[in-house]
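First, the structure itself, so that you have it in front of you.
Labels run A, B, C and D following the written order; every chain starts at residue 1.
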């Protein structure tokens, strides 16, 4: 847990404070994203937490202890710190990079090596391949993974991340973000995350702190930031398409309709028709014996056909699908991509989770918006 | 290879002095003494310079002494424009004749490039890397030895190599103040117009410079592999 | 006798020596620039020569300047000429190296574009390559000048004149002031030359 | 890396051990010892003298002794090295001003080893033909310049840092060779040259002032590099007169190999040959001889009773037994 109380920072030989009387609290296991234009004091705020910068006024508590009273070395060793990929030590191997803090803490060597391998696995890098490489041999995305692994090395309860995904291309960034979120689901770290990208903030944050010129403009959940921006500055920051952005906040798996007709491929058309009548869905989903979707049969096609045929014969292979972790935004874009009015949601084991249709999506947004 | 070349050159010149005057200077004994003097001057002064300039360079690169660092950097830059012969001459007029004076002058003159490169090397460590180290809670000493020095190492080593090669050349001037060395052969050769003397001095000092450079290059590779 | 008294009473000969010093260095640099840039350009065309030429320059640098003066003495004789020849040799390395690096460092696309527009090689060299590499070449010249201003002081020993005479006379007469005059003047010359070239460099960069 | 640190620590310690005695050794400078208490005969010489056939090796052979150690340094540094007691004896030039200033003595070359270098004004014949009075005017100077006088004049410039012109004028006034005010020039132009070292500058200044006093328009072209340059200037007519040393002319300009060690003989042979071959006239020569010399500290020499090089050889050889 991180708590800031009336924190002000004035840099030497400057009149305007970089951070002005800031108070906020990050609850345990939450990701708090500091967002705002460059120079708004978000990085300064973050660096005051691990005492890279000392506040001029105010108090900062980490896990209930005033950081000013903790030895900065000890403090920092218990706070993971991730910055852009440039922060890796270029002369050390990946393993040595990750082992930095455990070494500082004096862990035994075998435990360190074990930990390095675990962490490399965790961030999706094969230890056998990458352990002894130098950062220069890695791609930007891989380096960023190592950066995260290094910050997690001593299993600190708190993470500070300063634009950690800033230096990679958009596709890799989205990938890293998703991976990190699923990692966080397991780790439940308390995270302070700095970015200037509002989309990233909305995607990553449990809470978003919008800052301007050293002051906290709004500190709220992403949904509230989008639906009830505090002032024009926040409106401008989130952009005019904030309604669309809200789709980002909802996971497909959470809202997918599960009470939909599902049938095996061996099901006869007559039976299928019966299933369909109960609903106004455009398709019927065909699954295999393990409840994994195989394809769909369109309603019109089904109604047109007669006779003793099985569903299999009118099955169209599955295209418009989404992972349960995908946001509604992703689901919508999949629909648009394939020109369909539905998307089938599956979990990680490729099992059927439900279905989201276009009409249903509109309804959902209407409900949430009010 | 260098040693072989040097030895071959020395033997050739001793066996074929070309003139009575050159023969008087070119004896194995005398060459051994001159070599010992030259190598002694270079090695001792370089070692001293490295051991003083490195800590000093590290010291002035500390953030708290940044101002001192900038000032010293400028002094060093100006100091490097003073010709080597002037440094020898100045220390000579102040400290008097002999080996120790030469040692002092050589030490002073090789101090500058090493100091400058140590400072520049440490300053060239990317700020992001240093910040990451601090942010992870590494202790200042560990940051210095595990991050800053290894990263600055190639630049520091370049400074040492420059210093030593220049040092070998400057040491030839020490003969003016009675400290011996290969300069003795060169100056005598110029004075009495004996090419054999001149050449032996030139070749031996040039080979020594190359040898030093080569050895330091090997050291650099070794150390680089170990960090 | 104090340093300033010496400066005041001998200002004429100091000025004369300074002028000599400037002259030797200037002549050497002019020749070295022509030779060095030429050589540097040449080895960008004959790649196989680049290694040997750069290595030769490197070797020259390891020869002590006193030895170089001695080696060239039988060729050029006592005095000015040997001094200039030595200084030329020493200034070659930085100039050749930087010319080579400067031209090699040009974005290949630029030269491609020039070729694509139908420029002849000589025009490309004159209009594209040299102007683009010029700041780097100038940096090399600057290094060379600062270095040979110092070496010129040693050249006084073989009668090339210049401020080194004060230094050598200072050694002979065990006179700190004379050495100081020489050292300070050489140092000032070097700093001035450096500053001047830096300004020229700054102007070409713009 | 950790190994490097420990290695580094050791290097640091070793160099400290080196540095401390070094620094304490540096601060000392002058060695303090009783006059004559020389336990090691160290000889200071420049590079040239140490190998020349008419230099140290033959000298030692002729007098039959050896120094314990020969230290080679820049010409001119030898005087200071001797003064500071870093060496027991040194080579130098007989008329150098520092011999007087540093309390040194020249040891007499009792076996006439060194070639003679007496200076005399050298004039082109055509100038002398035009102004025959020059022979008398310049001829007066030479005989007044003995070794002692020249050392003193040199010392005034080299040690007291006076202007050579002022030193020359003072001496000429003392000798009554010139009047306080030089008359306006009534006779023709005479260009006076000289080499670039102190003694030559003084001789040049003396010549100029004497000529001016005699009503000539004396042009100052003194301080021209080495002897080759000045000699060339004279033969080509750029200058009209300068002081040359007999030994130099004999060995360098006239190209003889065997040095002459008798002043009179050397002067006469040079005068004769130069007139015949180059049309140059040598005027009366000065008795001072600017040749090589072996010097010791006055206190040491007196304490050990050394006056000549033979004495030195004896003392050293006896000390060996």
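What we mean here is this: a contact is a pair of C-beta atoms (placed from the backbone, for glycine too) under 8 Å apart; a residue touches a chain by one contact, two chains touch by 3 or more.
Quick caveat, the model's predicted, so the values are computed rather than measured.
Each step here moves to a touching chain, and the least such steps from chain B to chain D number 1. Averaging C-alpha coordinates per chain and comparing to chain B, the farthest chain turns out to be A. Chain pairs B-C and C-D differ in how many C-beta pairs are in contact, and the one with more is B-C. With centres set at the average Cα position, the gap from chain A to chain D is 92 Å.
Inter-chain spacing, taken between the CA centroids of chain B and chain C, is 22 Å. Separating the centre of chain C from that of chain D, both taken as means of CA atoms, is a distance of 37 Å. Per-chain Cα centroids separate chain A from chain C by 60 Å. The residues of chain A never reach two or more other chains; the list is empty. Within chain B, contacts with two or more other chains are made by residues 92, 146, 150, 176-177, 187, 227. In chain D, the residues touching two or more other chains are 74, 77, 80. Taken as a contact graph, the chains fit none of the simple arrangements: neither line, ring, star nor complete graph. Touching pairs of chains, sorted by label, consist of A-B, B-C, B-D, C-D.
On the chain C side of its complex with chain D, the touching residues are 1, 6, 9, 78, 159, 168, 171-174.
Of all residues in chain B, only 20-22, 24-25, 44, 47-48, 50-52, 54-55, 92, 95-98, 100-101, 103-104, 145-146, 150, 175-178, 180, 184, 187-188, 191-192, 223, 226-227 touch chain D in the complex they form.
Against chain C, the residues of chain B that register as touching in their complex are 78, 80-87, 89-90, 92-94, 165, 168-173, 176-177, 182-183, 186-187, 189-190, 193, 195, 198-199, 201-202, 205-206, 209-210, 213.
By the touch criterion given at the top, residues 1, 3-5, 8, 11-12, 14-15, 18-19, 22, 25-26, 29-30, 44, 46-48, 50-53, 57, 71-74, 77, 80-81, 84, 86 of chain D touch chain B in their complex. The residues of chain C lying in touch with chain B in their complex are 59, 61-71, 73-74, 146, 149-154, 157-158, 164, 167-168, 170-171, 174-176, 179-180, 182-183, 186-187, 190-191, 194.
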